[in-house]
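In this document, chain identifiers A, B, C, D and E correspond to the written order of the chains, with residue numbering beginning at 1 in each.
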Amino acid sequence: MIELSNYVILSAIIFFIGVLGVVTRRSIIVILLSIELMLNAVNINFVAFSHYLQSITGQVFVFFTLTVAAAEVAVGLALIVAIYRNRKTVNVEELDIMKW
Amino acid sequence: MELAMTVGLAVFQIAIVMGVVLLSVAYMTYAERKVLSFMQDRLGPMEVGPYGLLQPIADGLKLFFKEDIIPSSANKLIFAIAPIICLVPALIGFAVMPYNETYAAFGGEAGVISDLNVGLLYILAFASVGTYGVILAGWSSNSKYAMLGGLRCGAQIISYELALGLSIVGVLLLSGSLSLREITMAQDGGFWHWNILLQPVAFVTYVISAVAETNRLPFDMPEAESELVAGFFTEYTGMRFAFFFLAEYANMILVCCLASVLFLGGYEAPMEFLNFIPGFIWLAIKTWALLFFFIWIRGTFPRVRFDQLMKFGWKVLIPITLANILFTALGVYIYNN
Amino acid sequence: MNTATQVDTITVTINGETIEVPKGTRIIQAAQQLGVEIPTFCYHPRMLPNAACRICTVEVVKPMNKMFMACSTEMMDGMEVLTDSPRTLDDRRTNMDLLLTQHPLDCPVCDKGGECKLQDYSVKYGSSENPFETKRKDFPEDIRSTLLDFNSNRCILCGACIQVCTDIQKVDAIGFSKRGFITVVGAPMGEALDCEFCGQCMDVCPVGAITSRYSKYKFRPWQEASHQTTCTYCSCGCQYDLRSVDGEVSRVVPIEGVGPGEGSLCVKGHFGFHFMEDEERLTKPLVRRGDKLVEATWDEALTEAARGLMAAKTSGGGSALAGYVGGRLANEDIYLFSRLMRGVLESTNLDSTLRMGGINGVTAAYAATGQVGMMNSFDELRAADVTLLVGSDLTEEAPICGLAVKDTITRGEKPVLTVDSMRTEIMRLGSQRLVITPGSEVAVIKGLVKAVVDEGLIDEQVATRYPEAVAAIRDQLSGTYKEIETPTGLAKADIIEMAKAFAAGDKGVILAGPRVTGGLKGHSAFAMLIDLAFLTGNLSGNGGGVNALTVENNELGLALMGMAPELLPGGAPWSDSDARQQVADAWQCELPDFAGLPLVDQLEAMREGKIKAAYVLGTDPINALPSDMKAAASFGALDFLVVQELFLSETAKCANVVFPAQSYAEREGTFTNMEGRTQAIVKAMKAPGKARADWQIIMELSRELGGPLSYTSAEEIREDMAQLVPQFATLDETNADRAGGRQAALESYLDGAYVADMDYRYDLPAKLNEASSHEMHLYVGDSLFHSGVLSTHNWGLMKIDSVDTLVMNSREARKLKIREGDKVRLTSDQGSAVVPVKMDTRVQPGSLFFPKHALNRDVTNLAGTTISSATEGSAPLYKFVRVTLESVD
Amino acid sequence: MMQVLFYYMAAVTVVSSVLTVTLKQPVYNVLALLTMFFHVAGLYVLLNAEFLAVVQIIVYAGAILVLYLFVLMLLNLRSDARHMHRQWPFAVLILGSVAAMLVGAFAGGGFGGEIGQYSTAYIDSLGGDTQAIGLTLYTDYLLPFEVASLVLLVAMVGAIVLTKKGLVDDQVED
Amino acid sequence: MGLMRDIFMTELMGGMKLVFLQMFKPSCTLQYPHVKHNVPDGYRGLMSLLRYEDGSERCVGCSLCEAACPSNCIKVVSDEVPGQPLVRYAKEYYLDITRCVFCGFCTEACPVDALAMTKVYEASVYDRRELMFDKHKLYELGEAHLADGKAYLLAHNMDDGTLNPTEGLGDNRYEFPPVDLGEGVPVPTTVGLTREALEAEVAKS
C-alpha cells in the first residue's frame, strides 16, 4: 500500500531538484522551468494530502497554484522577451546591470 | 479471467474503432479530392480502381515506400518523434467517443471504449498536446519555412482552442456533465432535443474554431503552400509525412464526431421511428455531413491573412462565446428556478 | 618619326571636332585619332592606300565641297570633313548596293559570317532592297591549294590581299586575273597557289573570299574564346590571338599592331596549331619497368625520378649528374631547372641547345656590351639605313624578322646587303649580294673588316676616340685579300664594294645568322662583326648594331638563365666569382665550385661512366645530333635518365622516367624573343591527360629531393627571376630600350679583354682551305615550314611540307638529268643516304640543302662532326658536309 | 497494481525532473518537463483526482509549456556551453532544511491530521470529483477564486504591456 | 441591414450555395492519357531536323540556331562533308531538350528551314539522358513528324500573306549546295520546297 509519506518524499525530491535548477542554471528559461517543477512538487503534496486526509481543500488549492503558475509564466516570459530584445541574452550572469 | 475478458474486449473495441477511423481518414482524402473536383468542374482521381476508389490505398502505399529523408541539419531525435506526437493525440480522442447506445455484441453496457466522466476535458487536453508535434516538427526541421509554419500553427491552435472550449461550455451547462455519453443521452428523443437548437451560436462558433483548430482552409495558415511551401512538414517525406497527413484528417474526423455528439445528438436518431437504424450509422451520417461541410467551405472560401485570423479569433469569436455562456447560464438559472 | 617637332602640324575639323595632326595625315587616320569610325574594306594601316573599295567616301566641306576617299586623301590645313552627312551616307549606300549586286547570300555557310565587314556595313550603310538587277557570280571555288581556298564569288575585289602579298610579304604569289565582271584573285596564270602560306591575304580579306582549309567550317566567330599569347615556334616571339571553340583550337588570328610582328604571322604561327591536340602527346608519366615504359601516377614517377637522381648524386657527387635543356621551355621552367641543378643537385653539368652555336653570339656580345641578345629591336631593323645580313636564310629561320628587313626594302627603300652561300629570298630582294662557298662566312667577315680598314671607311668619331683599338685591328689585317678570295670564291672588288655600301649608311645594322655563330670559328666570326660595327660607328647607340639571330623560340631565355656551363643567370660568365656569389646569395645556397662540362664532353663522360644520371627537358638530343656524336650510346650508358617532353621522343624512349609536360597553350609563363622582349603565354586550353607545366614538374621533383623551390604560379617565379635578371621584371620591352647600359660595358671591354685575343680572332681556320674528294656542299638547316619536334607533329604543316626532301639547284639538276621527286644517293666520309629531290633556284649549283628537322636521319648522319674549341663555344659543327651526289635509278 | 503504477510514475517524474534541470538544449528541457507533467497527472489519477489530472494537462502541457516553446523559438536560443552556476551550496542548504523538516515530521509520528468528510464514497455521491471541487470553489473559496481571476487579468495585461513594442520606449538598444 | 447580413452571413452563404450548385454541373476534364489534346498547326513541340525530299540533309551547320537560342541548349559541330570539299553540314547536332524553352527562335534563325517544331508534347522519358537529342534522333523525329514540320514552317515562315511566293522558300532564296549524303542521290537543282508543294503536302496529310 502506498503511504502518504511516499508522496511527501517524492514531492520533496522534486522540490529539491527544482531548487537545484533555480540555483545552478544560468538560463532564465530553465530557471522558470525549475520553478514550475517546484510548483508541481507542491501540487503533488496538496493532492496527496487532500486524498489521504479526505479533504477537498487541497485540490481547490491546486487550482490557485495553477492560476499563480499561469500568471507567473505570462509575466515571466514577457519579461524574458523584453530582456532579450534589449540585451540579446537570457543568461542571468550577464544581466548584471543592477550590480554596483 | 475477468480481467483478461475486459482487456480483450477493450482491445477488440479499440481495433474496431481505430480501423473505422483510419479507413475514414483514408477515404476522407479521397472524398475531399472528389468533392473538390466536382465543385471545380473536374473529375478528380479516376485512374486507380473504378472512379479512383483505390486511390487512397495507392497513395498510402506510395508514401509507405518512399524514402525517409532526414535533413542533415535537422535535430534528428525530435524530427523523428514529432509526427508521432502529432498523430497520437488525434487518435486517442476516439477512446471516449460514444458510438452506440449499447455495445450489444459482448454484453457490454455502453457503446464507448471508455466512458470517462471527464471525457470532454480529456479530448480537449489531448487535442492541445497535438500542438507539440506541430511546433517541434517545425523547429526540428531547421528550415525557415517549417519554423514559421510551426509557430503559426502553434499560435493558431492555442488561440482557437480557447474559443472551442468556451463554445462547448454552453452545452455543458445544459447537460450538466463532462461525460460524452451522458451528453448524448441528454439529447435523446428526437431532433428537437438536440443542443444545436438551444445553442445555435455555440454550434457556429464551434465549427469555425474547429476549422481553425484542424488547420483547414480558409484557416490553413500553417501549411499555406503558396507562402510557406507546406509549413511545418516541408522537410518531411514518406511515412513521417503520411503521419502528419493522417493526423490532420483524424483530427478533422474527431472534431466533426465531437460536434455531432455535442450538438447533433450523437448516435441518436432524429426521429423515434428511425430508431431501427443502428446508432453508429447515425453518428457516421452526422459526422460525414459535417466533413462534407468542411470540404465545402474549403472549396468556397479563400485563405485569410494571419493577422485577420488572430484578430477574428480573439476579438470576435471569444467575446461571442463568452456572451453565449452568459446568456446560457442565465437561461439555465431561470429555467431551473 | 622621332623628329616630330620638325614636321608641320595642320589643324583640321572632322564632324565639328578640331584636331591637330601632322602634315601628310590622311582623313581616315585623323578620324581614327578622334575615334570616328569610317568604313573601309581595302585600307590597312601598314599598307599604302589602295582606294579600291570606295566605301570610305566622306564629304569634305572646306576648302572645296566634294566627296573624297578618306583612306587616300591627305589632309590640308583647315580642312573640314563630315563622315556621316546625308550625302556621305547616300554615296555609301550606293557603293554598298553596287558591292552587293554580285555578292552571294551564303553567309550561313561562309566562315567569315559574323565577323564580315561586308555584313556589318551592309547592315549599317546598305539599303534593304537592292535597286540593281544583276546576275550573281558563279565561279567555281578554287580549292586546289593545300591551305587557302579562294571563293571568287564572295570577292569584292578590294585588292587588299594582293597588296599585302606584294608590299608586306613581298612574294607576289597572288594577283588579279581577267578583267571586268569576271576579275578573280588567284595565283598567276590560273595555277594552284603554292606560296609561303603566310596567310596574310586571308587576314586582310574583309569578306570570306579567302579562307583557311584547316579551319574550314570549324568555328563561328561568336563561339570562339580568345587568348592573346606568344608563338612558340621561332625566336621572333610573335603575339597572336589563339582562338578556341569548346577548348579546341579553331584558328590563329593576328593582332594588328601588337608584338614584334605588328600583326604579321608566318605559316608556322598561323597554321601550326595542331600539335597540342596531337594524339601522340604524352598524357601520363611513364616509368621504366624492365624493358618497357609503363604508365604511372605522378607520385610514383616523381619518387622514382628523385630516387634515381639522388642515387647518382650520393655515389658521384654533383658532377655525376647532367642536365640538358631545349629552347621550347618558358623562362620560368629554365630558371627553376637552373636552380634545381645548381642549387639542389649541386651539379654544373648543365647545357642547352645554345651549344649548337647560339652560345657564341651570347658570349661575344656579352663580352663587348655586357648584354645578351640582339642590340636592335625589330623597329630599329625597320628604320635601319643599311642592313648587312650574314649567314642566314632569314625569311625561313625567322620570317617575321625577315619581314622587318623586307620593310626597309619596301617602305624605306634602303640597301640590304646579303652574304650567304644560298640565294635566299632577302638576297634576291636586297641591293648587294655576295654568294660564297658554303661554310666560309668567317673569311668573308674578315674581308669586310679588312676592306673597312684598308679603304678608310672607319668612322671619324671612333678613330679619334679609340685610336688604340683601331690600331690593334689594323695590325691584324696586314695580309692580302688572297686568303679571303680563295676559300670564299669572291672577288676583292665585290667585298670592298659591299664594305663601302655598309659604311655609307648612317644607321648600319648587322644580322648574323646561325651559319656565322654556328659555323667555323663562330665566336671569332661574331666578334669580327662586332669589330665591323665598332669601326663603322654603329655600336654607339645610334640605332645600329650587331645582332645574333637565334633560332629556337626561347633561346635567349636559355642564355639569360645561364643554361650553359660557362654562363651564369644574367649572361655573366661562370668564371666571374662576384656574379657567382650574387647568384648564390639570391638562391641562398652554395654554388658548386667546379666548372661544368659542355654537351660534347658530357656525352663522353656518360660513356665513360663519370656521369651517371641525366635530366633532359624539352629537347631530343638523340634525334637532333648526328650519329657520330654517339648520343644514343651515351644516354644508353646512363644509370638513370629523366626526360620531360610533350611527345615520346627518341631520347624519351631511353629514359627511366618520362614526365608529360604541357605545351605553351596550356599553361602560363613567358618567352623571351631574340630582341630580348619577354612576353607572356596564357592558358588557352586544357592539357591532355595528366600533363603538368614544366615548372610545376621541376618544383615537385625538387620537393621530392628536399629542395627549397615552392611557387604557386609562374608569375611568382618571374618575380623571383627578376631579382637576378632585372629585365624579366618588365614584359614587352626590347633590348633596344636597354641601350643605356651598353656604352659603359663597351668602354671597359675596349680597355682590357678586347686586345687580348686579337691575334687568335683574326686567324682564319685552316679547315677553310681543306680539300675534299666530295664535290658538293650539303647544308643542313632550318626550313620555313618546320622548326623541330613540335612542327613535325602538326598534321597541318606536314601537309604543306613533308620535310624529307633534298633541295638542289634546278639548273644543275637538269644538267644531271634529275627530275623533281627523283631519288639520289648522297655519299660522304661517314656513309651514304638516299633521299628524294626537290628543285629550287635558292640553292646554288654545287650546294645542296636539307632541312634539319627531317624525319629521315640518314642525311643528318652523313656529317662528320667537328667540335670547335672551347673559345669557339665547343659547338658541334655538323651542318656543312661535303658529299657526292649520284642519281639512283 | 497501484504500487507498480505509483513507483513507475514517481520514478519517471524524478528522472524527467532531473533532465529538466540538467539538459543543455532548452527544447529538451521543455520536453522533459512535459513528460514530467504527464506523469504527475498520472499521479493525480492514482489519487482519484481525475479532474485535476486533466486540468494539469490542459493548463500545464497545453498552455504553459507551449508558451515556453514559443518563447524559445522566438528567441532562437541555442544550447549554451556555460550553463551551470557554482551556487549548489545554496541548494544543499535548502535541501538540508527540507530534509530536516521531513525528518522532523517523521519523528513527530509521520504525516496526518484531521480526517475530513470528503471520502471517495462521499465525492461519488456528489456526482464526482468535478462537482465536489466546483461546489467547494464556488462556495467556500469564492473570494480567493475572484482574486485569482484578478491576478490572471493583471498578469495578462502586464504581459501585453511588457512585450508589445511601442508601448514602452525601447531606447536601450545596444 | 448590414448588421443582419453580418450576423446571418448571407454573403458567405450565397458563395457556398454557388459552389454547392457547381457540383452538379458536368465536368470539363479531358482524360489526358486516354484522350489526347488536339494541337493546332504551328504548335511548338519537340524540335526536329528536316531533310530534302531526296533524302539529303537540309541542315548546313551554320550555327545560327545556336546563336539564336536563348537557353543555350543547341550545340552544332559543323564540318565539311567528307569527300565533298566546300559542302558544309552539321557533323554533330545536339539539342538539350531539358533546357529548351520551346520559343522557336531557332527555327526562325534557320536560313534553310532545316529546323521545324513538331506537335509532339509528350517528352517524358525514364532516363534523362534520352532527352539529350543528337542529330540522328532529330532527323528521326523530323521524318516521323514530317507533316507537323511542314505545317509549322507554313504557319510560321510563310503564312503572313506578304511574302512573295517566288521568294519565300522558293527558287533562289539561299544558294547553298545541298548536302549529299546518300549514295547516288542526285543533287537537286533547287534548294527548298516551293510554297505550292508545301501546301499540297499539308493538304494531303
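Just so it is clear, a residue touches a chain if its C-beta (ideal position, glycine included) is under 8 Å from a C-beta of that chain, and two chains touch if they have at least 3 such contacts.
All values reported here derive from a predicted model rather than from experimental measurement.
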Check: Count of steps on the shortest touching-chain route from chain A to chain D?
Finding: 1
Check: Which chain's mean C-alpha position is the greatest distance from chain B's?
Finding: C
Notebook entry, point to check: Of all the other chains, whose mean CA position lies farthest from chain D?
Noted result: C
Notebook entry, point to check: Which chain would you call central, comparing Cα centres to the global Cα centre?
Noted result: E
Note to self: Quick check: how many Å separate the C-alpha centres of chain D and chain E?
What the structure shows: 72
Notebook entry, point to check: Taking each chain's centre as the mean of its CA atoms, how far is chain B from chain C in angstrom?
Noted result: 90
Note to self: Can you pull out the residues of chain D that are in contact with at least two other chains?
What the structure shows: 51, 55, 63, 70, 74, 129
Margin query: Please output the residue numbers of chain C that touch at least 2 other chains, ranges allowed.
Written below: none
Note to self: What's the contact topology between the chains, one of line, ring, star, complete, other?
What the structure shows: line
Next item on the list: So, with touch as defined above, which chain pairs make the list?
Entry: A-D, B-D, B-E, C-E
Checklist line | Contact set on chain C toward chain E in their complex | finding: 104-109, 113, 136, 141, 143, 149, 216-218, 220, 222-223
Next item on the list: Would you pull the chain D residues touching chain B in the complex into a rising list?
Entry: 27, 31, 34, 50-51, 54-55, 57-58, 61-63, 65-66, 69-70, 73-74, 128-130
Notebook entry, point to check: For the complex, which residues does chain D have touching chain A?
Noted result: 2-3, 6, 10, 13-14, 17-18, 20-21, 26, 29-30, 33, 36-37, 40, 43-44, 46-49, 51-52, 55-56, 59-60, 63-64, 67-68, 70-72, 74-75, 77, 80, 82-88, 90-91, 94-95, 98-99, 102, 105-106, 110-119, 122-123, 129, 132-133, 136-137, 140-141, 144-145, 148-149, 151-152, 154-156, 158-163, 168, 170, 172-174
Next item on the list: Would you pull the chain A residues touching chain D in the complex into a rising list?
Entry: 1-2, 4-10, 12-21, 23-27, 29-30, 32-34, 36-37, 40, 43-44, 47-57, 59-60, 62-64, 66-75, 77-82, 84-88, 90-91, 93
Item checked: Touching residues on chain E, where the partner in the complex is chain C -> 60-64, 66-67, 78-80, 85-86, 88, 111-112, 174-176
